[in-house]
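Here come two complexes built around chain A, the first alongside chain B, the second alongside chain C.
Take a look at the complex of A and B:
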């Protein structure tokens, strides 16, 4: 499977999860995602499931507290001004959480499918225009710069006694100072590169050459199986709750 | 013989500007590789793994003269790590490695080799030697190289004596005596990742009124030890005692150690010196006598370090001036222990001598000092005890 194929499959799966499928459609979509995961990733499926659970579970608990605990009815019951039930609210939260879970799982699966590649290798393998690839690399670079700036600012404020590494009242009172220190750090890092390193070396041109080297195949191998399967299954998922009456 | 230029002279003599002029005019080669003083000017910043950093620079076409790779470290073993997780010296080695694989004809280095340990520095200078004709040209600024050097064309630049005049001895001479409590480290263990320990069961006692030099190869964990002592990192096991009392700065906050970081921009808490000072004053209120950190006192200290106003914008100062100003907190006498990470980096001989004298004076006044440096000449000017780091241990030598 190529990265292009995996991203295309991922895009279709996420679009299906976002299309508000009913219970049958959601079950079908879950089965499709699981099949894709087990065939393409095998053992790494567990990592994707675990990461998605870490992201979605707290959100699901929060939504459960709000909709089931406090509101006591589903949003569509509020909109139609009918009597609400906690069961309906629970079904609403479960469906929404299930869709979110699938979206996060799919995103994880696509990335994990190419975990043997470095970020640059992955972007290089994508059949995208050079400018789009450059935007992806620079976006990742900005994220890394912000993380580096956070580390720097954190170091500065802890060493200066303003914050502590462990949770503390001091962190609550002075945590906002981290923001200013982070932005100043990020700007300094970026300026350092853009003023001296990049113009002297013509670094961005180097990046373009590095991204252009190698062949980016649009779709090949297993892509030609997965794409029709996913598109066909997608049609079924969209129709599943519209035929045969309510489940 | 390939071109080699050593741009020498004191700080603020325009060495960096001269180097940039050479690069922008294409005087060294049509395209040159540049390694600046710290990571933001040494690495491309475009990649999130070491393997990708190398990949960007790897020549896509064979260079005119095949060049041997400069590989003092096995970067393939750490290819998945983020370049920023390397130590300062290792980042310079990575940059040199990238250059060696690239098609650039020339290389310009602004004081970055000062971050290398003795062996790596010797290897780097050997690689840049004029006999290595696979490199067309090298332009180098290095405060520890004294011309003449065989095969190198030296350009001596004149100082501007009025610019950021610095004498750290004066503020230290004004400090009163204090007794720094001993720091005892028992059974300290630490690793950034499971299974890759940096320290294992380290036992170490640091006495007040003494200067300790922490030495070791690039990437051995010198900065990591300083970060553990100020509470930026928490040990996996073991304990630290300060004056006989249990000391856990990662929980309770740093209350005893004034740290000057290797890259001065890793220590600022605000945009101006006054912002930075205000935040430190707020953090240490009740722990440090207010008069020790009064505006007047710190303004005098900053002036001695070459900065005329508390309202100076830190990030608008030249790097060498920021580095000097980064000593203000340790030299303020606010805290009994002073830790300096590569304090002499980027500093000319005269400033290094004055700083060494100031550190010696600090210990004579009862302060404890732990400093990290690869600069033997600088360290030899400070009466000190040597600590060697390596093999997951820190030992007195």
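Take a look at the complex of A and C:
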């Protein structure tokens, strides 16, 4: 399977999860995602499920708190101005959390499918314009740079007595200075790279060569099986709750 | 249009959106702060509104691509990001001169921050409401869900609760974002801005 095929399959699966399928459709979609995971990732499926749980579980608790605990009605009951129940609110939050869980699982599966590749190799294999690939590579590199900049600026502002380690009013008042220091630090780093480091090391030209080398095949191999399967199953998922009466 | 320094700016804007937006999302504040990089990108390219729009849009979508792994709600607000980039290019770029004036004149500075923040806030609220209501039934994972819940509890219809929540949250959030972007813009070294605006060799 190529990264392009995996991203296309992932896009279709996520669009299906977002299309608000009914219970039958959601069950079919879950089975399809599981089949994709087990065939394409095998053992790594557990990692994707665990990561998705870490992202969605706190979200589900938060939504439960707001909708079951506070509002006590499901949105459709509010929309139709009927008497609401906490059970209906709970069912609504559970369904929505299930859809979100599937979305995060699919995103994780697509990324984990190519865990053996470095981010640079993965981006190189995508059928995207060269400038889009360059932006993605530099964005990933800059997120790491910003993380270092945050650590440095945070330590410096604590040493200067502007911020404190523990939560405090001082941190609230001067928090924007941390943002300013991080921004200036990132700009300085980038100015240094663009003016001195990159021209000397010929980085941009080398990056372009690295991104251009190797063929970025749009779809090949297992893509040609998965894409029709997912599109066909997608049609079934969309129709599952519209035909055959209520489940 | 997409010179190397501008591609770097897009990446910087995306990284800024991702870093601050993720922190705010995880602590469930009733604001977002996930477009500071988008607004700043537009400001740094003033007065070229066309470049400001396309680069701000690219920064917003690049951060969506990365943030989607942490916040599964975000990709559905892709159109809101386009609207924010457009208003930033049309309105905020016009205030760039006042934002960078030295010494700073507090009156015009505050007025422009409020005006630009309100414009972006109202537009983003209007564009986001259909997504919030039809796709998620008013439920999103951000702290603004509390505000929707408050309006629902007070007897509002779902659509009007989501709209009112948006009109309460978004302008406050966007005024704060424009303020932070303006402060970062003031602090940005002039030679970096010259590099972005100057005739650098275009890359393919």
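Here, the second predicted complex is superposed on the first by the 218 of 247 C-alpha atoms of A that agree within 3 Å, B and C clash if a C-alpha of one lies under 4 Å from a C-alpha of the other, contacts with A are read in each partner's own complex, and residues count from 1 in each chain.
The definition used in the following text is that a contact is a pair of C-beta atoms (placed from the backbone, for glycine too) under 8 Å apart; a residue touches a chain by one contact, two chains touch by 3 or more.
The shown structure was predicted, so the numbers you read here are calculated from the model rather than taken from an experiment.
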item: First, second, both or neither for A:210, with chain B first and chain C second; value: first
item: Which of chain B and chain C A:78 touches, first, second, both or neither; value: second
item: Partner chain in contact with A:180 - chain B first, chain C second, else both or neither; value: both
item: Which of chain B and chain C A:138 touches, first, second, both or neither; value: both
item: Partner chain in contact with A:158 - chain B first, chain C second, else both or neither; value: first
item: Touched partner set for A:107, first chain B, second chain C, both or neither; value: second
item: Contacts of A:200 with chain B and chain C, given as first, second, both or neither; value: first
item: Contacts of A:63 with chain B and chain C, given as first, second, both or neither; value: second
item: Contact residues common to both interfaces of chain A (with chain B and with chain C); value: 138, 140-141, 143, 145, 180, 184, 187-188, 190
item: Parts of chain B lying in touch with chain A, wherever the complex brings them together; value: 20, 23-24, 31-34, 36, 38, 40-49, 51-52, 55-58, 60, 79-80, 82, 84, 104, 108, 227, 230-234, 249-255, 257, 259, 261, 265-271, 276, 279-280, 282-284, 315, 329
item: Contacting residues of chain C [partner chain A, same complex]; value: 2, 4-5, 7-8, 10-12, 14-16, 18-20, 28, 58, 62-63, 65-66, 68-70, 72-73, 75-76, 135-139, 141, 145-146, 149, 152-153, 157-158, 161, 180, 183-184, 187-189, 191-192, 195, 203-204
item: Touching residues on chain A, where the partner in the complex is chain C; value: 14, 18, 20, 55-56, 59, 62-63, 66-67, 70-71, 73-76, 78-79, 92-93, 96, 100, 103-104, 107-108, 111, 130-131, 134-136, 138-143, 145-147, 150, 176, 179-180, 183-184, 186-188, 190-191, 194, 204
item: Complex interface listing, chain A residues touching chain B; value: 118-121, 137-138, 140-141, 143-145, 148, 151-152, 154-166, 168, 170, 174, 177, 180-181, 184-185, 187-190, 192-193, 196-203, 206-207, 209-210, 213
